[in-house]
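Chain lettering (A, B, C and D) follows the sequence in which the chains are written, and residue indices restart at 1 in each chain.
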């Protein structure tokens, strides 16, 4: 299985037609929920709030702003959650009560400051890093998350006509944890990728060797993004979603950090050390839509 | 010069008998102030607050707690600062107004999300990472910083007799930025080391090659600490202070993180992948004191 | 200067309109000769023989096989050389007398088993690794080098029609030191690239950061070739020649090693962890020829 | 099992009370033979000759020099071998006929120039790298191997009294494949360590993480040796032999390479980037002898 054998994650539990997974550095019980489905794509993203009060405060803001939402009973690993959708149609959840991971004896780490032992199997991802949604209008989602969740814009792409082609948002020192880039097929609610973090750039390179041995399709990388300076490798998991393995990047220490704005001309220079990424990277999402093929054909593929 | 040629830092300015330096990822004008002095040691550590209001709030707390302190006019790169001492006698400053680094044309980076260009010279440190003070009683300083600055304990060493032999404190997601470890000579106000961050463990290894070529004394490392999992290399700069080059470690995402407590027995297992570090690492600080030689002799050196 | 400041090489001497360079691990005085010229391209490649007797033996074989050639007086760093051309028109030299590098005090290494100190400047290449020629018919050159120099074929690309599209030849345990790939413009005597070795894949990644900061065009990589498993990065030096920075690969220990043959279908799978390299990589050489533009246009560029 | 699960080797076969193992880059069927025994230590080292003629030639030299020896029928993976002992009493074998590894479908690599797939399990060693014997008088063994096997001395330690405390010998471009260092217990025929190669220094660091998780004792490293510049990590396998994981080093391209001689004073400076290695590293071998404890006690352990 891609997530367990190749990425090196562990199964944290099963419920209904879902299996829950975790990486060795995730402090909560589970970080990824895989559900049997007719097509690929992302079900929801869940953010844990800083405190029970913060959860109440955020729900209050959402309600005051007229955002439709509802409380759910929670899920394996976390308690009651407030569910709502961003303007592009992706489902979000907010919760505070979280089941701290209890390590079984066979996964007990040598170093007690680590949730479970380093797998020594496959890529060995440390933790869930970020989610990149596709959106018809990333600016709309940016404003929504700034106003309702208090997220902070750290970098963005602004085209010559003023369109925001991409926005990177952070909740804290980590320079982003949710991203929206433009869906060129103009479909709502799709996923670009989910990313898992590894400690070293060399782990990404070793990951490429492992993906190659397992016949996993790599789409782009290993390379370093200009935006956010993340060192990346994009693969397609067997269920049809794009998964990034990432390393590096940097923290933002400035409390008064101003968003870095990339212009259309700067983007045209190439994202990866000045080199271009493949057309499919800018077009394909999950679930797939027929418009992708039209766009890919226009790019000569 | 050690800091410029070997670490790869840039000179940010000079004033009086001080020279100010910065690393390529430091967003403020300067991160290190070197002052001509009769002996080694640390003059002060300065923390930037999150906002002007936070600065006022902290000064209010210090005053309410009866901590002696005074306002200073600021320094090259930052505005008015409030100066006080921790119980062990190290001087702290708090400020908010900070001069954002203005990059000169010759240091302009290829990637605009980086303060200045990657030096491609020497070790290439990215930013000031943390300061490790020595203290007669680390617990006393821990309580002081928790109560007055709102710092959070993330890891600590507690000996069998209850003594806190080391404390690691954080202000945010980065798992520590100030540390106190016990001064075995029982002298107050000394420094153990100042640390600079590099992006990859491999940069630390390459750093060791560079230090060797320049005849810089390396004391310990490259190895991985059990505590905080930092990958480290300790050197002595020509002025007589211990400088760490570090990489790796991890972020703390749990808002309800509980401090990791290392017992005397766990510490005795060895800090570096289960191996021992040299005795001088646990004894020497700056400025040097005669008691160090007595202790080193007792360890057979 | 690209070679000195960016690659981290040293100037080994100057003579006439040529400057000679060396990398820190090159045991001979110089490994690269740069000559002022009206156009880019490679002047010659020089092989040192294993002994004076081997030199005589090789010249005898060349003469017996009717290959035109002549003795020259040598060059800066080496003695008398026998000069001849391969069937595609590249000039070769063979020599034995070589000036062992005498390190000046300022470049004396900390470790005496290293010719000069690690530069700690730029990419820090260790030694000249290999030369990749373009040829109208690589098979013709392969047979020539096997028969006249006793080189050994280690890997090759054989298309469905039997054409050898690429040949990799070795003189010893290192798995190749000279390569011929097909010149799609059908021009004779051109260069594809010259490669310099670095110790770690991470040095190649760091090299990409350095090239980016210096505005050096990177064409392809960092990636791992399927053939020979070399980890690579291709750049264009200001003089118009393609320079590879490489790491990794493997040694050949089998005295009865059989060449690895890559079929057309295998090549079509993509060279770099299953991904494609850019069209220019397969078309451009030095000196440039007008046919390149026609071919590039056909690839949609 | 240490070799299979932790180092990532594969079982190549079993015969009698021996199990044979191989690493993913070993081109022969097996590179390591583990035999049930009452004590630790090395049974023999086997060298493959360059050709059948070379085998005959070497046996002829041994016999002409009056070295006692005998032909054996071979072993799993190789044909008839000539067996003899070096002056210190270690058993050697020479053979030519070798069974080239036939990869089973489940281990077929993605890249056909690699014997079997990269394991993605444990440390992931590429090939057997070298053997380091202990000897009462390394010089005696050096002369023996130079004269009888034609090996070449590449580096050595010569003490002030002329004693050779260590000798490194090579058969080709790889800078050593057999080493003798002085047995301070003055016991004959012991082993210091067997070493396996990994591709990157980062693999050694990752290896340390994996050994720690498995409770494997690490004795020294990860560090870089001054001699040969090998990046190393020494562990003790459960059977009681020291195993090195190594990376880096360099090739020797000079046909007229002169041995690098390290003096007593140079050695005293510390081997690992100028730092000292632990006393046990210089004293312990396998099988263990009581004299080790006496020497260790004298070093304060």
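One rule holds in what follows: a residue touches a chain if its C-beta (ideal position, glycine included) is under 8 Å from a C-beta of that chain, and two chains touch if they have at least 3 such contacts.
Being a predicted model, the structure only gives us computed values, none of them experimental.
Quick one: which chain's Cα centre is the longest way from chain A's?
Following the centroid criterion, the farthest chain would be D.
Return the chain pair with more inter-chain C-beta contacts, choosing between A-D and C-D.
Pair with more contacting C-beta pairs, A-D versus C-D: C-D.
Would you kindly tell me how far, in whole Å, the mean C-alpha position of chain D lies from that of chain A?
Distance between chain centres: 46 Å.
From the mean C-alpha coordinate of chain A to that of chain C, what's the distance rounded to whole Å?
Those two chain centres are 42 Å apart.
Nearest whole angstrom, what separates the Cα centre of chain C from the Cα centre of chain D?
33
Residues of chain B that contact two or more other chains, please.
Where chain B meets two or more other chains at a single residue, that happens at 110-111, 200-202, 209, 212, 274.
Applying the document's contact rule, which stretches of chain C touch chain A when the two form their complex?
201-202, 205, 208-209, 211-212, 217-220, 222-224, 231, 273-276, 278, 300
Show which residues of chain B lie in contact with chain A when the two form their complex.
Its residues touching chain A are 25, 27-28, 48-51, 100, 110-114, 126-127, 155, 172-174, 199-202, 226-229, 248, 250-251, 253-255, 257, 260, 262, 266, 274.
Would you pull the chain B residues touching chain C in the complex into a rising list?
For chain B paired with chain C, touching residues are 6, 109-111, 117-118, 120-122, 200, 202-203, 206, 209-210, 212-215.
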